[in-house]
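The structure appears right after this line, and notes come after that.
Chain nomenclature is as follows: A, B, C and D, assigned in order of appearance, with residue numbering initiated at 1 for each chain independently.
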């Protein structure tokens, strides 16, 4: 008995109902909305789990025809995986929001929030299930607009305005490219059905690049990443979790669906993916290191992880062209697995960031510290999230990264073009560098937020937030651990999803055993050496060189931790420290010194800024053409007509 | 596969790469001497292989002039003008080393693409070291700020040309090779004098400052 | 884990060798300073002493503080049992290059956060230094191993190292350059001169020593023990690189292989001691230049790996 | 030498001082007070080899601060505030120099008991500058240090690895030396004087003896003058070798540091042969020296000869090492302008183009003149180079003194009482630089006020300025290259 279609249908309906309910009712709707959304997510997950390997198609016809094509949905393993992820994160986000919104109460319109959130989830679900271009675009638009609405919730602040504008601009651009590409494909294949399209045909390079470009923009990969660090800090944490955990994966899903799953590949797209992926993983982690706002840091880390996913996708594409089956299968699994991983740990981290924000009312790393004693549960989840994000064994982040490394390693050792071997080698070097930096980023963040002494009174007086807000990150942390330790079956499952590689056997890692041995060692040595000393521990203040109590300022903070890196990569980061020395005799006896470090985003200042300025300049000139006189417009029409006739005649 | 000459030339090139990663004059000179010594050895191996006796004289000439005299003279000079280290220009010095490794890989591919002089029994991959030396020398000259670095870069470049000639041709006439050696010596001496002059008139030997002399 | 003769040798050397290495380094340094120096096994005696001592903890620190040494020791021990630092099959199979690198990273992560935990100004800036240095050196370390792996057509460390000589397909130059790269990045990872001075008393210049400045008693013992194991692990791998590259020139009898690796490890200890007696600790700003050398060596090693791989 | 005493009006003091310092041959020696009712400004005229005291009487317990025009004065004024509670009005950074948190606000050590009974309390500003800006953190170092050194607290404000500001707090060792020196009998003075800073025992003893001798009108026998100079140079040699060894240890060259320590032992041996004490203690007394070394001179020469050779080998291998040069080059730069304005002395001064050396100006004419060298880079390298050069100079001087040692008595008897109502100073080039002991007598010829100015007093500010914008990890190297004294400062 197949319950898939009804389950999904129910999920759709419930989401829609929840969205409508939020707007319509006037009373205490929040709880009902949460319940409806959560129920929808549960249906979603159970539906996704039931899909298995059988594909099925479900069409909505009649009134939902939309003029050109019916809304049609397809349920297969790939969409199942991603919708399961969506269901899970959306469930968490809905439950989390319920508690979290109290923190924002007064500043956020809850009706508006719940409606947008439900639509957002609905849109993403639509994209994951879309079987034709129209359905895809419609869902895509719902997703983009509702997420934009969620980003702009504090439109009154100028920061929020800027974030919303940049985000909206990026989404518009992405939709524009996608639509153009889809139109072209429709023209080529005379159908809106994805099943009939072949993206990797050599003569359709231009439209597939357009589609890819749209996806790149949406995924926030370099150099289109600039909307991420604006949108994430601006949106509420639960939305950031959903955006970073799932929404950017929509682009990955589309990439998989359009370009990867059919087993052919375009070599040009492979190069683009590899290049942009490599650059953005490096760029993202480097910028993440020097950030001092938790959510900005997490946003840049998303850029890094997306970079790695796209890098793996590029390798998969290349290997498909070069007929390297094993590598292609590895990279394919890596793309899916790391998308899931990133969805899990990044949303976990964003939820924790929300919890911290609601407890301390600050996201500035340099005003936190010492939260481990105040928020023990959040600390535990955050620690697991950080270790997963730094790709440390035995967590899921490591397995994802290991798959990418392994595919690169096999590529470097394979008998293919020599240049590709060398490139794979260089990419391994780059990834290890990125890995080292990511470790530094998350070690810094964890240590500055949770350890040491509190750096502000707010952090001093923080207290643990509600149980629900603790339970959700904790559940995700457990999932991270499970996905890491029992990665073997998952890897096999993901590999089977690809129609061509289901028989390929992949190298595997005894990560579960290693983790078990490690744990056994740790417990044994704890019991052997540390525990029996319990009564022989004396407590004393931290070594202060005999001067007296240490101030909160006397421990390294986020910016100082990253300062060396900032100076080493000063050119890329545009990292400059300004000094302000004041006083009556500032040469000999300065009375005030102030040091301020500024960073100007190279891309924004050198590329996007001038480009925007150019557009504005052109606008100013072109606006003269639009004088508002009907005669002028008639003149234009006339001129165009004449021009077309001339062209026709000449042709 | 590797033969002796190849191994020696590649070793010389590796020394040149290591040289390009150091900003210290004395380390540079030491590594230059090592590099030239291995070139002399390569020359010796070539002499063995081809049985050309006049090459032995050239080897002795290289060792006396380029391995011993020139580095010694330059390190004396560096001491004299207190040019201990070079801060580098255009590119950070550690990056120069990585770029020169890239150039090394490039010269490997380039050498594989060279037309072979099959008749004289040379192997294309021998040229890897020579081309790499040439490129590294040029890069070295480009990335150093002080005149001493330019001289060392020039010498490395010259080593590359010499090595190319030795490994890829049947061998230049003896007299020309010796002449080149003497030329190098003279060039270094004159270069040293220039360094002194620059030092004297500008109080430092930063050649980027010479740009300011243009009208 | 089955108790074979190889495993027995492995475990016996694992218990003695780390302390011997540290002892030899200290002894030779003392020699250069006209001192008699501590007994060779002093670090072992120190360990026993520390395990019997009381522990002082900072009031500001949490459970993270004590987890750092514990995780670092357990991880090191795990690595020492699964990485073939002696040319024998390790007791625990299945460690590949990337797992090795990332278990080291796990240890580093926890040592960084545990050093910041107490909120000491010294250990927290040392943690920042450790993070900076290690990610700069990471590519050198990984690429050196990967170059070996590419030549051996496997990423399993047991198939790269720990092989009998006749099975060893990796060319001399790859062994040699990887050995150099591992040595240079090992200096960074092990915080030895000229990156970090392990015998200095100056808190402001230290890296590793300042990170563990708050540890005491059994906690400190675990830190020191895991450091000794790390030294063993790195020196074992480096020594194997050099021994294998030597074995390409001189035929070594297979039975002598583990022995000669042990000898080379001690020789590396001597070399380290010499560097530490005569070299100058680099200025903080010059450390990236030093690490650039390590990266260069690993790049050369990978180039060699490709050049030699071409024939097959 | 007996200094010329000139009364100066409070209003004309500052312009006069500014005018005095316009001349390159003039220096400000010391600003202090006799009993808290006046300012004593000691001025040195290097051309005419004279010392001059301006005595400014003023009412109340505050005066106009000089610091804004004469930066060198700031530490003197801080010390005056600590010792007498004299408030310098308009001082930009009036923080304790000699006292710390442990002393109550009422306590001013050199004020009379009567004034203490009045119960006047002083607000001591014990804060540190709070360097602003995001990402700035503070590293407190000391007063208990990891090495076995004396207490001092350094508050470093850093941005990452860069030092933005250093504030130095000393005074943890306040021992009441100056007060005690006025209380003990004249015959015991020398023991306390040489304990002002025990690594500078000979120089302190000589300065003290010189001041007392001038007040007693004694002429020291020539042989004693030469033996004293010998002791001074041995001390200089030993401490410079020690400092170089410390520098080598801080840079991490264990072997070279050990070699320096061993050689310092040989220098101690020289001191023992000369004076009977390895640290030259209890050797110099007013009127001459305590012991004739004739019997040991042969042994002395035998020890000296190989020492010079060995020292040269070790120093060469240290200072010609390219890595050492690179390491020290450009670290801890103190520009000549700052050095001049803060009146730096000694090695640190000569490394920043302040060529002043007491031996050139104030020493006895019969002694051989030292070669003086100065550098203008002002970095740790130049300080090390100057130190190396001075080791050579000291060895030369020791050889010259040994070759031309006059014969005759080694001491004359010292009197019980001194010339009343006058001020005398003893100025010596200690190994750290200009050391001044100033003694003022009351109307009965007893010591009324004994002031000591250690060379470190001039130089601590130099250190604080030199480390700005350096790497945090370079602070020990900067500190060692200055090689300053804590106990000499904390009297």
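Assume contacts are C-beta pairs under 8 Å (C-beta built on N, C-alpha and C of every residue); 3 or more make two chains touch, one makes a residue touch a chain.
Because the structure is a prediction, the values reported are computed rather than measured.
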{"item": "Most central chain, Cα average position", "value": "C"}
{"item": "B-D or A-C - the one linked by more C-beta pairs in contact", "value": "A-C"}
{"item": "Separation of chain A from chain C, taking each centre as the mean of its C-alpha atoms, in whole Å", "value": "36"}
{"item": "Whole-Å gap between the CA centroids of chain A and chain B", "value": "51"}
{"item": "Distance between the centres, which are taken as Cα means, of chain D and chain C, whole angstrom", "value": "47"}
{"item": "Where chain D touches two or more other chains, by residue", "value": "137-141, 158, 160-161, 326"}
{"item": "Where chain B touches two or more other chains at once, by residue number", "value": "105"}
{"item": "Chain A residues counted as touching two or more neighbouring chains", "value": "418, 422, 550, 554-556, 560-564"}
{"item": "Touching pairs among all chains present in the structure", "value": "A-C, A-D, B-C, B-D, C-D"}
{"item": "In the complex with chain D, residue positions of chain C that touch it", "value": "29, 32-35, 121-122, 125, 128-129, 193-194, 197, 199-205, 276-286"}
{"item": "Footprint of chain D on chain B - complex, ascending", "value": "24, 26-27, 84-85"}
{"item": "Chain D-facing residues of chain A, complex", "value": "292, 366, 544-548, 550-551, 553-564, 566-567, 577, 579, 583-585, 588-597"}
{"item": "Complex contacts: residues of chain D adjacent to chain B", "value": "322, 325-326, 329"}
{"item": "Residues on chain D engaged by chain A in the complex (per definition of touch)", "value": "67-68, 71, 74, 92-93, 101, 129, 131-145, 151, 153, 157-162, 164-165, 341-342"}
